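You will see two complexes here that share chain A, one where it goes with chain B and one where it goes with chain C.
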Partner chain A sequence: MDTQSYFPVQAGVGMEENFLSLDDILLSHERLPVRTECTFPRLGYLEKSSDAHDIAEGSKMELPLWLSKGLYERKRRVLSVELPKVYREGWRTVFNADPNVVDLHKMGPYYYSLGSQMLHFDSPENPDIAGTLLQTFIGRFRRTMDSSQNAYNEDTSALVERLDSLEKGLFRSGQSGLNGFQSWEKGQATQITASSLVLNYRKRKINDLQP
Partner chain B sequence: MFCVTVWFCSQEDGLRQILQEMESLYEQNQSDVNEAKSDGRAELIPSIKLRHCCLLRNQRCVAAYLYDRLLRIRALRWEYGSVLPANVRFHMCAEELQWFSQYKKSLASFMRSLGADGLDITQDMKPPKSLYIEVRCLKDHGEFEIDDGTVILLKKNSQHFLPRWKCEQLIRQGVLEHVMS
Partner chain C sequence: MDPSEVEFLAEKETVKIIPNFSLDKIYLIGGDLGPFNPGLPVDVPVWLALNLKQRQKCRIVPPEWMDVEKLEEMRELERKEDMFTPVPSPYYMELTKLLLNHASDNIPKADDIRTLVKDIWDTRIAKLRLSADSFISQQEAHAKLDNLTLMEINTIRSFLLDSLNCMYKLRSNLQPGSSKGQAMDY
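After this line comes the complex of A and B, so read on.
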């Protein structure tokens, strides 16, 4: 098992984001369909479709999650956020029927994290959304765990391509444990290896030399 | 207007652009706040809030980027050693180099405080099985002196049977390769 020295800040759990987590920053970059409930003077240049000086009340726009969260207020004088398709009733029925069939990578790679973040916007459907997120995860977890523990030294792209980013992280952890155990069984656990910095630099140098 | 994070190779230009954007947003907000207060124009407030969200977002991205760099620099001390290669130092700013040097000192004084004579906890990161190990030289490294005074010539592709504690750092730096029998 590779000695791990670089410990990046992990993504937050549930409705909380970690301020310094790069994963959470990428997550909060996702765009949401939004409707303005007031005017935003002098910011008309943000709307590429119109030449107006201001953003009018009632405009439909797509804003990133971080901006939607920042502007949203419970009394709803500012923004109303629409649920993306994947979290609406139609798709929820599909998920409840058979969670394993769905390609969660295509449904927005951050299905679980974004779904949890949607709960900040006080939709009346929140209990159902939360319930579906949980049940979907439970339904899919077993398969992800099993495949990560049994795919040794093979191409895992087919197993991984329909997983959401949270599930991919779990899969990677499982693989790392499996590889560590296998290398221990083979007696490779005591072999001192070059630092990843050196290995990456060497790879890059070779690529530079190739025409 | 919406910031995107950038990665390790020094991105001073990117950071400068972000800081300029933040200054401009701040100035626009400052002027709108003054107008809202003096002329009672409360309808400007949503725009002020939006620009403020952008400022916070830029701040978050820059902080996370710089913090991630520090985490990687810290990892270098453990994975590579206390002297960083020139090509890495080239991409670090003066403050990061200073941080690395202070981190090294903290780590060294901590290690000195362990046990009677101190303990190098950056050694033996993988459980050792023997005092001596077989190594192969991956590149010419010149003469190498071991504890009993003998001098070994580390020529590319030569193989040697050497004390583990002398070789560990050279293996991590890619000069030697640990050969398992």
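After this line comes the complex of A and C, so read on.
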């Protein structure tokens, strides 16, 4: 059985993020185009393009997701977040036409998760964005399932490179089911092999030294 | 669940053997195993049958369904039907592997049987994937699974459950306000 020395926390799908998940932490580093709705006094040194003492109202910047989420509040109007290109009207029609063609890894490896986080920012296009995310997932599901269940003992990098990170997780679980079944059928499941933990901790020195 | 665990559960099925030793009735926790007389067939669980076979104390009689013509009929039926057909035994895959690995000398046409069972398995797995795909693409809430064996369910379980989870969460994006206040605990 394949046991790891720690149990990784999975990324939260949808509008919540898991605080402890590494995927979500990397996701929150994605930058979003943002427009300030009020001035930020005495923070002008952060804005390299102008030499002003403070950041004026209405200036456009790129802030990471974690900062935008923290500063965003509808009532106080501190920031307004614009949708990144991939979630706008033009790309949405492409996704609705044929989800399988798009290289989701190039579009930002966290397409689904970032899209779900964008729904926090109360844009008028929210229902369309959510609908497109769902339809894209459903459209690409078939291909992910077929490729994960049929690629045994092959180099899967060509299949995986166009997948978003959520789909990569699904691909991995499909592969593990397939590998488990195939190794059982070959009879490898009953062979006793040294656990990967023991090999990692290098407790087998005597065996290695003996000729 | 591991395939080895499913195999362990499969070893509880009974199979007929012909012992070459004699022993009185033995009383085990799971039930009684009848008196063993050389040359007379007796029903035992598969784990005991394999153990006795490995110690060369018995001969295993193949189960009724493990016959070339019957399996060919089942394969044709499986290919014609869209739904899942009733299986020869709820653990056909595991029993085939165990019996053909340890007792292939007692089973006529072992290679043909192996090929036929693999064909039946492949057809059923293909149907399972088709129905999983239509399940997701039509966003159904529940599906009916007749005549599926534990091994088949086991190979697709983790993938299907993870993707249904993702689909559920993406779907709950469409209703804002209903997803606030959910907590994850570890």
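What we mean here is this: the second predicted complex is superposed on the first by the 186 of 211 C-alpha atoms of A that agree within 3 Å, B and C clash if a C-alpha of one lies under 4 Å from a C-alpha of the other, contacts with A are read in each partner's own complex, and residues count from 1 in each chain.
The criterion applied here is as follows: a contact is a pair of C-beta atoms (placed from the backbone, for glycine too) under 8 Å apart; a residue touches a chain by one contact, two chains touch by 3 or more.
Because the structure is predicted, anything quoted here is derived from the model rather than measured.
> Looking at A:Arg42 after the superposition, I want to know if it touches chain B, chain C, both of them or none. Which is it: first, second, both, neither?
first
> After superposition on the shared chain, which partner residues are touched by A:Phe137: those of chain B (first), chain C (second), both, or neither?
In the superposition, A:Phe137 touches chain C alone.
> After the superposition on A, what does A:Ala189 contact: first (chain B), second (chain C), both or neither?
A:Ala189 sits against chain B and chain C alike.
> Using the superposition on chain A described above, determine whether A:Tyr201 touches chain B (first), chain C (second), both, or neither.
It touches chain B, and chain C stays clear.
> Can A:Val9 be said to touch chain B (first), chain C (second), both, or neither?
both
> Which partner chains sit in contact with A:Glu89 here, chain B, chain C, both or neither? Use first/second/both/neither.
Touch status of A:Glu89: no partner.
> Quick one: is A:Asp98 in contact with chain B, with chain C, with both, or with neither? Answer first, second, both or neither.
In the superposition, A:Asp98 touches no partner, neither chain B nor chain C.
> Would you sort A:Leu166 into first (chain B), second (chain C), both or neither based on which partner it touches?
So A:Leu166 only meets chain C here.
> With the two structures laid over each other on chain A, which partner does A:Asp146 touch: chain B (first), chain C (second), both, or neither?
The second partner, chain C, only.
> Shared contact residues on chain A for chain B and chain C?
Shared contact residues on chain A (touching chain B in one complex, chain C in the other): 9, 20, 187, 189-190.
> Any idea which chain A residues touch chain B in the complex?
Touch residues, chain A against chain B: 3, 5-9, 19-22, 25-26, 29, 38-43, 46, 64, 66-67, 70-71, 78, 187-199, 201-202.
> Quick one: which bits of chain C touch chain A in the complex? Just the residue numbers, please.
Interface residues on chain C, with respect to chain A: 2-4, 7, 97, 101, 129, 132-133, 136-137, 139, 151, 154-159, 162-163, 165-167, 169-174, 176, 179-180, 182, 184, 186.
> For chain A, which residues count as touching chain C in their complex?
Against chain C, the touching part of chain A is residues 1, 9, 12-16, 18, 20, 112, 116, 119, 126-127, 130-131, 133-134, 137-138, 141-142, 145-146, 148-149, 166, 169-170, 173-174, 176-178, 180-181, 183-185, 187, 189-190.
> Which of the residues in chain B end up touching chain A in this complex?
1-2, 4-5, 28, 32, 43-44, 46-47, 49-50, 52-54, 56-57, 60-61, 63-64, 67-68, 71-72, 74-76, 78-80, 87-88, 125-129, 133, 164, 167-168, 171-174, 177-178, 180
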